[in-house]
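For reference, the structures are reproduced in the following blocks.
Two complexes come next, and they have one chain in common, subunit A, joined by subunit B in the first and subunit C in the second.
This part shows the complex of A and B:
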């Protein structure tokens, strides 16, 4: 029983980062109908800046919590600014152009991976633990750090859900996602909505990177690993579907957790890819997708 | 008259240029040494440090007058590309080095999978290949141009594991974890035999993909089998530190071994306090009384380049350049096959002192560098040498 609980908690922890990452991907696709492979670079930039700034701020004499807080703010801000620049000077010219946005985003991935490698170096970085200690949940040990970061991830997910269901902006985004022409006929400013959607997606990717940094290792290519898992989650859940992204993320996280324990991590990884192939064959629109 | 003057001056100009060219031809010539190393990801520090050491060896040789072959003087130039520690990128690097850059000597290559990709071209095209790959399968009479310039599982694991068992006699079981690639697979086979040879039972043997950043599931599994020891085989230090950190969070306590553990910094960076008392088989310490000034200099240089101490993986890239110089001067040739023929006969100044190539009994062909095996252990966040085992074959050759 304890093992089962441990695996479920592990799955939730891993899934929380995948969730935030894939929500950004699905939001961009839903509103702009483009696939953004460069989403992983916002994640990477945020994580790298946290990994670089925390030790530097600690050397300046700041306490750890303040250093982490400032580093997170810095990382997220830098990623969002990067995202806005990319939208303004690149992506807004390729809205609803799947092929064009694909080529553009792949090019951006190569550009930014090279830039990160050049400026940050290739070595692995890690962030010191922000909070020490473990808590016991039904007899299962969970580190406080992971628990808090998991709660933060779920918090942002619920916040996004609230924005999409309770605010004018969110409703406008959903309207655009359903039928952008009909939405425009209703007076919804499509370009402004697309801009906000891109900003929110970038923000979510940056938050995912920032909360991942203290519990994992950070490299300039870390975004590529999460990008693959994020896309798989979105495909399983359904492109453009927010609940689908959540379900898909938790699904693959549980496969990683249970598969890694009962078989081995390599086989668990393979199982994820087999699953996405089956989904594409049997239900191409995903578990909760609409089109 | 003007035309005559123009012709004369043009002829003079051409003669000057040609004489400059002649002077250039008689000046030092450059031999490119290709390097296939990870410059990104978990193995990046190994690659960056290796590149620096190759360049440092090349500088040292140039400062010492270069390599004298056939009345000419040659110097080395290290050309490195990122193989990302996988076969796909290793293949691209191989094509670039051999086809585009036309290198005839691979000064060093890291990672069994990318080395195999490189070897499939180098043996066919008569290119000499130095490597620090851990796979035993890349050496042998079928690969006469391949030489390994660091200790590998056959050299390290048996003495390392024997020492660990003798220091922890109560240890009865072990769980293995290795990266799921050629390096990990080759290492795991020998590790099993080594543990079983000292009476320790292998409870489980698992694999993870290189590039993994989330180690909690695998750590949960390792802790679940309740081994007395966990052996992380060919995992790089940063991965190993993450695994030990997750194991500690899962409540596991026991003997920790990283066979290819190369240094404290990478381990401590990700593992923090969880890596205390970890044993490593490929790390080197540079603060004892027997450390030479040159070793300290080289270590300082690598530390500046990578933020970590020099380790056995990187040292191989310095040693290979020294071996190449000695072999070229003995063979009086810069042809790879002629150089490969004399490599087993020479001795050369390595970071560890005088070294040579041997291993005929183990591999069927003398392609393995003969250097000491050094067992180290973490004491807090400091690395301590606990045992040094000299190569018997080298001792015999040097008459010690």
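This part shows the complex of A and C:
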């Protein structure tokens, strides 16, 4: 029972980061119909900046909580600015062009990975614990820090859900995702909506990176691992589907946490792949995809 | 027209073989081999584009070919040509199963599954003990009598396969593939089995990729799982994108240019990732049809001017 609960909690923790990451992917795909491999780079940049800035700000004599807060803000801001620049100077020209946008994003991945390695070095970094203490849930000990970060991730997911279902911008995004020409006929400014969606997706990726940094180790290539998992989650759930991304992420995270405990991590990765193949065989557009 | 292209292509390959035979062994001959293998990998990627899909599992097929040839050579001790062919066949068999399952999906789904497949196959190599695990396999040598002629052999094999791919592209089968890319519903409506045609197209590409892998195993003598990650597909994509995917000569132009430039750039201390990343981003933004597209447009403009 104890182990089971522990594994479920681990699954939820990993899943919350995957969830934020894949929500960004599915949002961009839904609105712009592009596959953005560079999404992992926003994640890496924000995680890396947090890992670099926290020790540096501590050296400047700031208290830990202030240092962490500033580093997170800096990391997210830098990623979002980078995302906006990439949209303005590159992705804008490749909307609804699957092959072109994919190739462009792969080029950007190589470029940024090389740049990150150059500027940050290949070293593995970690962030000192921000919040001390553990809480006990049904007799299972969980560090408070992990619990809070996990809750923050779920909070952002609900916030996105609220934006998409309740606000004008969110409704416009959903309309564009269903049929962008019909949406434009209704007077929805497609280009502006696409820009907002891209910025929002980079923001989600950056938040995922900032949340991941304190609970795991950070390397300049960490985005690639999350990219594979994030895309598999989105494929399972169906590209462009928000609930699909959530379900897919949790699914992968649970296989990873249970498989990693009972068998070993790389077998768990292979099992994930076999399951994806099975799901695609039965439902070629994912569990919740429709178009 | 079709025959003339084939004959002139065969002539060009023969000339190249003679030229490589005259080269003395060293860095230059290795470079020739790497370029030839890069050309074949990019051509394999391009072949699946005939049905309109981006096959990111190309790296996996190259790896299967390399491991197939490696196992046949070091473990089973088969004759050289059989080993090479075995590598290609391993890629075809896996391609058949992979294609049968995944080609029901298309567009982004197929692309992403290929990407994930590459990573999983790489993981499998690291887990399997008799494939050398993480450190890979060593001692994959070509036979003694080929030692001096290896670059010539590689160029000849690549050349023949390129011509074969061209011939298939221009055949009835190739035209069916292109029709599927343009509109698969129409092809289905005249009674052609779209799904199996796609699978066959993938198998042809997998064979070419597998042979490219086998050749690379013999040229480098050492293979490891890390060589066959999705980065390999990405590089192949860079060759194809810089060269231009609409022209059968695109992969050749792109691979020759990028491998040469990269070897110069690396000599000056630049990172491989940054170089290829730059090449892809710039060519996608500035010349969407690649070098061959640029040349073709320049040619047409000149012809128009002389006609006017």
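Definition applied: the second predicted complex is superposed on the first by the 291 of 291 C-alpha atoms of A that agree within 3 Å, B and C clash if a C-alpha of one lies under 4 Å from a C-alpha of the other, contacts with A are read in each partner's own complex, and residues count from 1 in each chain.
What we mean here is this: contacts are C-beta pairs under 8 Å (C-beta built on N, C-alpha and C of every residue); 3 or more make two chains touch, one makes a residue touch a chain.
Every value quoted in this text rests on a predicted model; they were computed, and no experiment measured them.
Quick one: is A:257 in contact with subunit B, with subunit C, with both, or with neither? Answer first, second, both or neither.
In the superposed model, A:257 contacts subunit B only, not subunit C.
What is the contact status of A:134 with respect to subunit B (first) and subunit C (second): first, second, both, or neither?
first
Quick one: classify A:98 as touching subunit B (first), subunit C (second), both or neither.
second
Per the contact definition in the header, classify A:117: touching subunit B only (first), subunit C only (second), both, or neither.
both
One more residue to check, A:268. First (subunit B), second (subunit C), both or neither?
first
Would you mind listing the overlap between the subunit B footprint and the subunit C footprint on subunit A?
Residues 117, 266, 269 of subunit A touch both subunit B and subunit C.
Of all residues in subunit A, which touch subunit C in the complex?
Touch residues, subunit A against subunit C: 29, 35, 90, 93, 98-100, 102-104, 106-115, 117-118, 228, 231-232, 234-235, 239, 266-267, 269-270, 273, 276-277, 280-281, 284-286.
In their complex, what parts of subunit A are in touch with subunit B?
Residues 3, 6-7, 10, 13-14, 117, 121-126, 128-129, 134, 141, 143, 146, 212, 216-222, 225, 256-257, 259-261, 264-266, 268-269 of subunit A touch subunit B in their complex.
Residues of subunit C touching subunit A in their complex?
54, 101-102, 104-105, 107-109, 111-113, 115-117, 119-120, 123-124, 126-127, 231, 234, 237-238, 241, 271-281, 284-285, 288
Over in the complex, which subunit B residues touch subunit A? Could you list them?
Result: residues 38-42, 44-45, 47-48, 82, 180, 206-209, 211-214, 216-218, 220-221, 224, 238-239, 241-242, 249-251, 266, 269-270, 272, 306-307 of subunit B touch subunit A.
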